[in-house]
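Below are two complexes that have chain A in common, paired first with chain B and then with chain C.
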Partner chain A sequence: MNVDSVRFQHLLGIEGLSREDLIFLLENSQQFVEVSQRDLKKVPALRGKTIINLFLEPSTRTRASFEIAGKRLSADTINISGSGTSVSKGETLLDTARTLQAMNPDILVVRHRSSGAAHFLSQELTRTAVVNAGDGMHEHPTQALLDCLTLCQHFELAPSELKGKNITIVGDIRHSRVARSNIWAHQLLGNKVTLVGPATLVPHEFADEEAFGGGVRICHTLREGVEGADVVMVLRIQLERQSDNFIPTLEEYTRQYCVTPQVLEGAAPGCVVLHPGPANRGIEISSTLYEGTQSLVEKQVTNGVAVRMATLFLLGSRGRKENV
Partner chain B sequence: MIRISNGIVVDPATDRDGEFDVLIEDGKILDVVPRGLGADGDFERVIDASGCWIIPGLIDLHVHLREPGQEWKETVETGALAALKGGFTSICCMPNTEPAIDSEEVVRYILDKAAQANYSRVLPIGAVTKARVGKEMAPLSELREAGCVAFSDDGDPVYNAGIMRRALEWAKMLDAPISCHEEDKDISCGGCMNESALSTRLGLTGMPKVAEDVMVARDIELARDTGAKVHFCHVSTARSVELIRRAKNDGIPVTAEVTPHHLVLTEDAVRAYDTYAKMSPPLREEEERELLVEGVKDGTLDAIASDHAPHEDDVKKIEFAEAAMGILGLQTSLPLMVSFIEDQVLTRKRAISSLAEAPARAFGLPYGTLRKNAPADIVIVDPQKEWQFEREDVVSKSFNSPFYGRTMKGKVRDVFVQGVLRLENEEVVLGGQCK
Partner chain C sequence: MSDQEHHIPDFWKEVVDAETIERCLTRISYEIVEKDRDLQKLALVGIRTGGEFIAQRIHQKIQEIENREVPFGVIDITLYRDDLSDSLEQPTLKGTDLPFSLSGHRIVLVDDVLYTGRTVRAALDAIIDFGRPALVELAVLADRGHRELPIRPDYVGKNLPTHKDDFVRVRLREGGYTDGIYLIQAHDAKKG
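Up next, the complex of A and B:
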């Protein structure tokens, strides 16, 4: 694979990637899926490179996924975690950035509760490639990549052919970085995105030109929103949305927006379901659906590693020529 | 007697705009005469203002000086110096200090500091409620007598409408306005930028425009009910402008201010998570900005006030959602408005009025004009001078400005405060006495 054609220096979001970049990332990810299926899963691609996984927000899945990805590429990986509240730590993100800079990592993977945190670090760390592993409500680009990769595999399509599909995202869109990254990705690929949820969690601004180019449809009725859908992506609903008064009660939410096999009767034949996990079974998605044949959730987890290997490989190999 | 000659006098209060000379004696404007008239008289000093405008000393109705309590951000001294450099001869300082300006002692403390600094005049604004917490009225008469020119809980609104109504009744007796930061924080809660398509895209919690509008609507009705003067701080939405416009048409005693940054910037300034452009109320969309400019043009928005809000980088150069709200303004307000004049967005008369005569009227101050016998607060500004605003220009203790690198038009050259030349050729006159 030709790493010189990578035109991005960091992966801060899907926004800003070109269609070619996105397809290139997905194609590379597909190759790493094959690596992950070998007996010997380790490749020497990033030997001698240092990756720091800075997780300042609780996360098990994504962190484990990045860690495995880095190790399979033979990179030296260091994990730093914390609560991310600068006040309690007495250290600001800027201090952290400077400390990390001193360690001279090649790649910094960052998860932070604040939108824009990855941007902030990419501006401060001039010699390091930054990978956004989720910043606040803003973006979670590798999640969107693994979702797209999962769909490519399921529909047996090359990344460039994954287009014209109806993608319905259900849930707390307002607070979701997964939704935002997926909206950008599907707009680039040429799929139609419908957002479903209550008006408090799916604000009308999502359909504005200034937000995501204006191609997004919003629907507050679940059955209507999944009609003709090829893919239904269900998001996790957080309990605190109730105390924040975005929803009256979780029961109210479930009554209107719980995705079940019955709800999907109006979807396109062969409709599949994605969930970034962990799921609240019986609240946003029924157990039967989550575990059923329409669900691709296990595939998602497997693909997570491949997508992250591809991302780390492309960014880690990028500066190689100058360094030698 | 001092004579300022060869300049263009722009004094909206007396409707003068042309070639006049200004005569100063005993700290007052002795006269404004046609250029050269009586120039052969006996003058202690003649100042040549060729190519410059001679305008009244500017008045800023909304400044945060951070003293007492947060002296690392700004002090009365550094703030008053920034004011002087920016052409403001009078600045009204907000009471969100620690302790708040809610007693005579704090007023005295600030006035003493201002007298020691001896730069621009500092006019404290007293708190509406004790410690600004909105529970009980502050001693308004005591504050007024000590020298407060208005009352405000700025930073916060006065939530309790009952307390607000009583405070307005008191303020009316004391002939002072209540200056209102209008924000329903139950609506704007957790917000860090304008609520919009852009905030949606950036994944930042928005502060909806309606959070401001509902409070403006409420206080218009309270002003109508009490007949007391309500002044609206930093108006940022088109709807609030419209509400204020209607209230004025109805004869309700309201006045309003807008900041230069809301007039020249939009929310686009935070697109790359730039915390130096984060403030409350936030920068809005272009449509809103345009209607704010219309509001200034037709006088609905009386005054332009900087909302000068210094913050150190430790609370600014951090994650966007957590960064402190507010930006510097004293040194950039006039240049930004000179550009508005040059670009014919505002007439010279209206722009200068909004920085001098109009704020004086809003707070009932005897400044902001070159009228005969008025205190001689005079600014000589070179409107043609182009310069780039940079961090090195800042004389405040903090550096939070979104305007670095911007080409400014117009520079303050000389400043008289009460007849004393305090800034000469852009340099502070040491000792504050002119020869």
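Up next, the complex of A and C:
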């Protein structure tokens, strides 16, 4: 099976992908898991290709993950962050990106605080494939892919069989690109998504037809929200947004929404927990749960490399755009 | 699998039939066994996707002849190809599965059709990334010539004289067909 080459010129979000695209990406990602388990963790697939990781927001795991993925594919990867670069001198995103494109990279991986930044660059840059590594509150597609891949492995299902599961996402949904990408992904796969959190952080619009086709359920009580859940995905409470008054106090949030082993007693048998990291232990998730047997967080990080290898490989292994 | 997939187009000319394929594979199996009586180090590796089933059959025959287990694996050479950037198709990985250490083994690499030699070149690179075999040999069901690299098979089922623009296709019962090797001549290939 070969996918139409035009389909993956960029990876900007899960929204807009077809179910076949998503399954194709997950199936390919699964094959890359093996490369990272070898003694010699390197394949020549992207030899001679250049990948620029432009991370204009703090990031440890995503940036390390993209860099390792690029290196394991033999691409030359360079990392650019906000501080200590011309971005901190006031250069606009577009000027920075155009300058970088003038050096002929093959792939530009972008993280930016503004929603739509990756889309914008994909339209402005004519010769470079763009990967969205997180844009504002919009999307973080490789995170959703690695979450889905982790679930496929855990439940021992092929990507096309990961359906009918109850997925509960708990926390600051409003500001979460991880939640948005995951909602799109699980809707394509055919899983049922429940969003849990205080009304300020889980706007009722998420359940609207215009948002995600009306297929999302909202619940403001944690125990009710996790009832029968096969998967509970806990999101980080963004402490840096605390001044915005979305929650009264952290203590109150923790009292009502901290996910603990006790809370999960009402979940489906064999329920597993995901967290995109970094976690605030004792705030949105208890340490016991985070490190316990139900937690798949380490698997998520491992799979992150495989997903990013698959993404970079698909975008970087084709001829340049003008040849297509 | 639908009947459609089992259908061989009329313009595909059968050049090797099922019985001959079976005999070729039996002969190759005996040749592999006879070449080196110290079979303790022997292991078979099929190249995905064409070589996988051929390798499985040879593997089975050798195990029957020798009445013991022989290590077996398959490699996906997609990540080692030298034409990735030229291809307009999005490459799909089927995965590598080598459940044993290659180091010190006598590896017989197996493919269905040997043509330019580029696939074998990629497979050799892949093999070497997994360890240091004592020896690597090459077995192919059909050799159609037109090598572009200095690569030569150690075991050949059939030598097929072809024109460079022709296509050679192997169809096997594992794929839902009757075993056969088909030649599609360049002027017929345009038909589909």
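What we mean here is this: the second predicted complex is superposed on the first by the 305 of 324 C-alpha atoms of A that agree within 3 Å, B and C clash if a C-alpha of one lies under 4 Å from a C-alpha of the other, contacts with A are read in each partner's own complex, and residues count from 1 in each chain.
Here is the rule we use: a contact is a pair of C-beta atoms (placed from the backbone, for glycine too) under 8 Å apart; a residue touches a chain by one contact, two chains touch by 3 or more.
Just so it is clear, the model here is predicted, and its values are computed rather than measured.
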item: Partner chain(s) touched by A:Ser114 [first = chain B, second = chain C, both, neither]; value: first
item: Which superposed partner A:Phe32 touches (first chain B, second chain C, both, neither); value: second
item: Partner chain(s) touched by A:Met137 [first = chain B, second = chain C, both, neither]; value: first
item: Partner chain in contact with A:Leu314 - chain B first, chain C second, else both or neither; value: second
item: Which of chain B and chain C A:Val43 touches, first, second, both or neither; value: second
item: Contact residues of chain A, present in both the chain B and the chain C interface; value: none
item: Partner chain C, residues of chain A touching it in the complex; value: 1-5, 7-8, 24, 27-28, 30-32, 34-35, 38-40, 42-45, 73, 310, 313-314, 317-319, 323-324
item: Contact set on chain A toward chain B in their complex; value: 15, 86, 92-94, 112, 114-117, 119-120, 135-139, 174, 177, 180, 203, 205-206, 208-212
item: Interface residues, chain C side, partner chain A - complex; value: 76, 78-80, 84-97, 125-126, 129-131
item: Complex contact set, residues of chain B against chain A; value: 195-205, 272-273, 314, 317-322
